[in-house]
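Shared chain: chain A. Partners: chain B in the first complex, chain C in the second.
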Partner chain A sequence: MEKIKKAKHLAYRKIGGIFFVVDSRSSVLHELSETASFLWERINGKNSEEDLSEILSGEFLVTPEQAKRDVSEFVEELKKAKLLEIL
Partner chain B sequence: MEQSISVGIGPFVISFKTKSETLSFILRNRYKEYLKRPAKSGETVKAFLVAKPFNSIQSPRVLRGNNETVITRNDFISRSKSRQGKTDLAVTGNRYSLDSWLRVFLSLRALKRNGLLLHSAGWAMGKNTFIFAGESGRGKSSIIRILGKKNALSDELVLLYKKRGKEYFGCSTPFWGELSKGSGRLFDRKLKAIFFIRHSKNLELSKLSESEAARGILKTSLFFSKHPADNSKLLETAAKIARHTPAYELGFSLNTPRSDITRLLDEVSRWKK
Partner chain C sequence: MPPSKGPNPSTNIFNVSYCAKTPLSGTVELTKNCNLSCVHCYIVSKKNNRRELSTAQVKKLLRQLADEGTLYLVLTGGEVFLRPDIIEICSYARKLNFDLRIFTNATLISGKQIQQLASLNISAVEISLYGREKTHDRITGLPGSFNKCLSAAKELLRHGVPVALKTPLMRGNVKDYSFLSKLAAQIGASLKVDPTITPAEDGSKNILKHRADDKMLEKIYPKNKRSPQIGYDTSDLLCSAGHNFFAVNSKGDILPCLQLPLVLGNIKNQSFKSVWRDSAVLNNLRGLKSDSVKICSNCPDAPYCQRCPGLALTEDGDMFGPSSIACRLVRIMTGRHSS
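Up next is the complex of A and B:
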């Protein structure tokens, strides 16, 4: 499974429990939800989409199938916004 | 003959050196309330007059590299040596050009001191200052019209910075919006609260969470750098201000009585974060 990593041109910070991400190239500010922030913290170049799904279903009250769908959607959104690097 | 003109905004003293009569005239008139004696430490800006715009860039750009910072637009370009506090500036002889350059320059200097320029109106009451932040059309000038210009810091851009590494302060700037010009009084007071304003029929106040406050600060700060390190610093600064300053959403109308707002400010200043 492909590992995923945050893109290099980003600045991000957890404020009040959620992450704010600034894309330095486009100057766009992204604000993540609590669940998205939980996943964002675990995108570290070591975890794959599958790993993130397992972590999510282990931490929240969601089925493995639902976790897989949620992670997949989130990763797609991040890719579309060019906030991720695929290793 | 080279003239030296120092402009002080909050803790920042910028000493302009120029042989241009036009630029000297603009600096002395445009920033007359902010003129200072040259400081031993601070920024030195060697300013040169250029006859007309020299490129097609319409909004300011900040470029970083080789210990240099370049700020450019079609009517100005400056190059600063990061560690020496020295800047060369070429600018057209127009107060708006100089103003725009100074805003960007100041926003970068403020960042070094965990500060920022916020699109906001500011109003001083006693030893405190209250900030009313919002994008264009949200009512920054309106709230100053209601409260009165006499104690206003600005109706457009207020400088927030950390004083002596401790508390946040808000201070007057020469940058005004619809009201054009201040009362001639300058303020540098402890930051008591930030209100993100909007028009509303009734006077409405709601407390914001830390992340909501940070979002408001990030959306209303004047910032042009695309450098990741600058963006990190901006996030850090917004987080610090949001953590230490009570923030609210404030709805008001042009018919809201002044006494209702001052009473509310008085109450808010007694509340704990």
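Up next is the complex of A and C:
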């Protein structure tokens, strides 16, 4: 499975329990939801989409299928915003 | 699962950090030393300053800031490229995931440093450029500084580093405003101008003579073009310094802002966290309400005003009183008769 990594051109910080992410090329600020913030902390270049789904379903009361859909949607949204690199 | 939670992340991050007293944004002054002698500079002693923060002390500070929630970081001087460790500090700041901006006169940046900055993905290099060659070199006191500065700006842009040109609007350069505007557009930089000159850090007001007069500024800021601040509240008269904004000067003093010279503590012998959370001066500042600024809170121009408490203190002697430069600027920018 492809591993997922945060893009290099980002600045980010956890404030009030959620992550705010800046694209340094445009200075556009993104605000992540609580669940997205949970996943963001686990994007480290080692975890794949599948790994993230397992972590999510292990932490929250969601079925593996729902976790897979949620993570897939999360990754697509972040890829569209150019916040991720797929290795 | 959309990445964005609210309609306006900028408003949300400001409100969350302001309420939680998170030091979201800050300026770290790395040195007061400078190779230029700009006529309007507020720094009094620009040569041979010692007791400045070491590389290790700056790195320790950056770690503490990251832990406390700082996202937006500005490194300023003096001239930061006089420090041989500037790239090391920038690199460390980016490893800690700060949104990083550097303020510089851009006369000392080498080609290698430009390449290194490009690889660090910093948000911007903000360069002081005052006007045409003759104007710029007269203000900086260094012949050739315009060409060095412009050359570095172009090289940074060529390497993909965002650049902002910036200048105070003064008697000596206000006529060059349209030149700067065209130059910035031509090379692909943004332009920031500010009509404010601040008193020198020793309290001297001699440099205020460089401020542009009303007629000069009226050409730049046409009357009645200024809109009231959206969502204005009279608490805006007190600004965010000490709430979610801070500064650390080159000696390690922690301040609410470089323009508000209230020393809260020093990072050489205290943790940033302990000062930020426990400073009596800071907690007093945070407890102030809009009615602390008695005259201004009743002023009809207040929603248009960009009063700086630091300037009210350093220029007019009372951080809770009117700021004479803010009164003047609001009158120019609104065309209204300021009370």
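In the analysis below, the second predicted complex is superposed on the first by the 87 of 87 C-alpha atoms of A that agree within 3 Å, B and C clash if a C-alpha of one lies under 4 Å from a C-alpha of the other, contacts with A are read in each partner's own complex, and residues count from 1 in each chain.
Heads up, the rule we're going with is that a residue touches a chain if its C-beta (ideal position, glycine included) is under 8 Å from a C-beta of that chain, and two chains touch if they have at least 3 such contacts.
These figures come from a predicted structure and were not determined experimentally.
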item: First (chain B), second (chain C), both or neither touched by A:Thr35; value: second
item: Partner chain in contact with A:Ala81 - chain B first, chain C second, else both or neither; value: second
item: Touched partner set for A:Ile18, first chain B, second chain C, both or neither; value: both
item: More chain A residues in contact - chain B or chain C; value: C
item: Touching partner for A:Glu73 - first (chain B), second (chain C), both, neither; value: second
item: Residues of chain A contacting chain B in one complex and chain C in the other; value: 8-13, 15-16, 18, 20, 22, 24-25, 27, 29, 31
item: Of chain C, residues touching chain A in the complex; value: 1-6, 9-10, 12-13, 16-17, 20, 22, 24, 66, 69-71, 94, 97-100, 121-124, 160, 162
item: Touch list for chain A against partner chain B, complex; value: 8-13, 15-18, 20, 22, 24-25, 27, 29, 31
item: Chain C partner contacts - residues on chain A that touch it in the complex; value: 8-16, 18, 20-22, 24-25, 27, 29-33, 35-36, 70, 73-74, 77-78, 81, 83
item: Contact footprint of chain A on chain B as seen in their complex; value: 209-215, 218-219, 223, 226-229, 231-232, 234-236, 238-239, 242-243
